[in-house]
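Going in written order, the chains are labelled A, B, C and D, and every chain counts its residues from 1.
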Amino acid sequence: MEKETVRIENFSDAVFAIAITLLVLDLRAPEINMVKNGAELLVFLKSEWTTYLAFTLSFFSIFIMWVNHHKIFKQIYSRNTAIMFSNGLILFLVTAVSYPTALLARFFNSEASSIAVAIYTGIFVLINISYNLLWFIASHNKKLLRPGITDSAIKKITNNYLYGFPTYLIAFGISFQFPAVALTICMLLLIYWALSSGKINMNKNED
Amino acid sequence: MEKETVRIENFSDAVFAIAITLLVLDLRAPEINMVKNGAELLVFLKSEWTTYLAFTLSFFSIFIMWVNHHKIFKQIYSRNTAIMFSNGLILFLVTAVSYPTALLARFFNSEASSIAVAIYTGIFVLINISYNLLWFIASHNKKLLRPGITDSAIKKITNNYLYGFPTYLIAFGISFQFPAVALTICMLLLIYWALSSGKINMNKNED
Amino acid sequence: MEKETVRIENFSDAVFAIAITLLVLDLRAPEINMVKNGAELLVFLKSEWTTYLAFTLSFFSIFIMWVNHHKIFKQIYSRNTAIMFSNGLILFLVTAVSYPTALLARFFNSEASSIAVAIYTGIFVLINISYNLLWFIASHNKKLLRPGITDSAIKKITNNYLYGFPTYLIAFGISFQFPAVALTICMLLLIYWALSSGKINMNKNED
Amino acid sequence: MEKETVRIENFSDAVFAIAITLLVLDLRAPEINMVKNGAELLVFLKSEWTTYLAFTLSFFSIFIMWVNHHKIFKQIYSRNTAIMFSNGLILFLVTAVSYPTALLARFFNSEASSIAVAIYTGIFVLINISYNLLWFIASHNKKLLRPGITDSAIKKITNNYLYGFPTYLIAFGISFQFPAVALTICMLLLIYWALSSGKINMNKNED
């Protein structure tokens, strides 16, 4: 059976690659007249630490999402309208990540910190839902999946994404009161996924 | 017979992917000194609803165009100058979509609303013409098409695009008087294409 | 003999696709406070005609360059340092096109018109030289070329690019005195290449 | 044995292509009211020479990095978490290059020159470390490498990257005192790699 989803995957990969690279446009050099000498340039650059934090966090978040997207589509062989548009929703949200990133960069170190972090964690809640939706659609119609996929492999992927949802939801809830804690949870989840993604990669049966 | 259009399709896919992702550059975070606290940030973000509307509408419009582009090129096996340049025209217009999108985002909720919507619906009229042109060229020269394609399959695709033209033209005409109605028609057409694209996908004979 | 240049071609295609799509970033919507109503929006948009002209001209120029790039690399099977870096030079110049395009957009209708057009035609002179350089390197080392390529095919491609160089040089020279004429020459050359590229495409022997 | 790294390579290629093309966004045309005539436009363009220098240097630096990335991944056949994330680190830093490039463009010809050049050379130190890290991980686990790769081929690649690290470190150290010298070292290293990359390309045994 031929895999029908190759062009969707290539298009998705391109969107991920562009979205991840466009993040850099939010790192802006100061205007020439704002900085008189090297010391002032260093002061300016240090004051921009929230921008670097937001850029780094979003870069590796999208990177992990891309790895996970790859992993899900390795199991999807056919497509239908629901697959197409739940994938379209993922791409829409991944593309949009640069906006909350810019808000986080500018307002994390301000009075508006809690709202900026809530929006930032909020988009990851939505992205998590969209991944669960894609996998829910795919895993509930075995005709769409790789021939010969085992139920335990399906369950393993299902579990991998289910953990993310409540965690991001907790981060979202916390962000209104303790924005720094909420952001730390996002980073820890990122590290967890980086490590767990590795383990699945190594196990050839599910990969 | 070898398919000659692979590199054109890959190039077109890349242009679609970039055009769809660049739309996000119009979502701009407020400057740090425009917003004092979380409440003001929320007020600012709410006032930007036309930007989100324009971004969402254009994202899924380009997404549907990409799906349709894919569908047409699955039937085209050879290329000639006319195919190359009618496809170039499609890419030109798809790339340009971000400009009317920015106009819509800024002026939908202003005195200039009708002109902004007219330009926005106008570019979709032009894109629709360019798709019809591409398919007209391809379907009137059977040497360009997939060997063994049936006349009913050709006709089905022809019809699928013909409906769009008068509808967008009506939306364009209405937009001068009732811009909100015109935009609603664009959204409904999007949903119609999303669903109908699915049906053709499911039917393996034409796909 | 395996074609060694696939990854170079894919990378080049991506750069062409991004460069052609980024051109749109120079079409900028007016700020909300610059325009009070639909009539003023139309006046603003009309005043931007040089931007549309520059965008359109550069879009189709890069499109034709991409077609020609494809055509040359269909004949190149091996790579060496000279191929890699003459191709890198082409990509560098193609990427840079958006800068003279922005100059043309802003200054074609100003006192600085002749300089803007001279720079614009000047970059096409350079791009033409870089294409001739790539083809010179490839065609003077038959080991780099497609096995079985005929001398007449080589000569045909050589001639196709040679015409461009003096024409762009003339346009460059004229632009200081008659910028509008110089730009018209660029457009005519574009149309000539669009048509002649078609003819080579149709002829299966060289393609 | 099947190569498992194809999708990683394609994704990386896309990120390289986008990062290299986005550099052009830092070439900005003057506002229309800043320039009255052709002579003033020329004066403005000449004053922008640091921007052209930074753009050119970064473009060819990323281009060489892409060539080297290609070369390393030709030898890597399997992937694990460490490969994935050391490659992610490379992509992160390559994407970020546009920021030090913008700093260099604006401040090379100012009092802040030494800091701007130190940051610029600094990112190349980091990129060099990330390449060495990727190759260290790959070359210390023969299961990850191309079957049949010889120890001398591994050593040759190892050496090729080792030279870069101390050189960039020296450039970084010098930049605080003699920024122009530091930048010249970067350029010479670029030329060295362009030429040496060629030699490895020519030698079919390692390629």
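Simple rule for what comes next: a residue touches a chain if its C-beta (ideal position, glycine included) is under 8 Å from a C-beta of that chain, and two chains touch if they have at least 3 such contacts.
Keep in mind that what you see is a predicted model, and the values were worked out from it rather than measured.
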Could you classify the chain B-chain C contact as same or different, where same means more than half of all interface residue numbers appear on both copies? different
Let me check something: if the centre of a chain is the mean of its CA atoms, which chain is farthest from chain A? C
Just send me the rotation angle from a CA overlay of chain A on chain C, rounded to the nearest 5 degrees. 180
Between chain C and chain A, distance of the C-alpha-averaged centres to the nearest whole Å: 37
Find the geometric centre of each of chain A and chain D from their Cα atoms only, then give the gap between the two centres in Å, rounded to an integer. 26
Could you list which residues of chain C touch at least two other chains? 10, 14, 18, 22, 25
Draw the chains as dots and join the ones that touch; what shape do you get: line, ring, star, complete or other? ring
Quick one: which chain pairs are touching? A-B, A-D, B-C, C-D
Residues of chain C touching chain D in the complex: 7, 10-11, 14-15, 18-19, 22, 25, 79-82, 84-85, 88, 91-92, 95-96, 98-99, 102-103, 105-107, 110-116, 119
Which of the residues in chain C come into contact with chain B in the complex? 10, 13-14, 16-18, 20-25, 27-32, 35-38, 40-42, 45, 55-56, 59-60, 63, 66-67, 70, 194-195, 197-199, 201-202
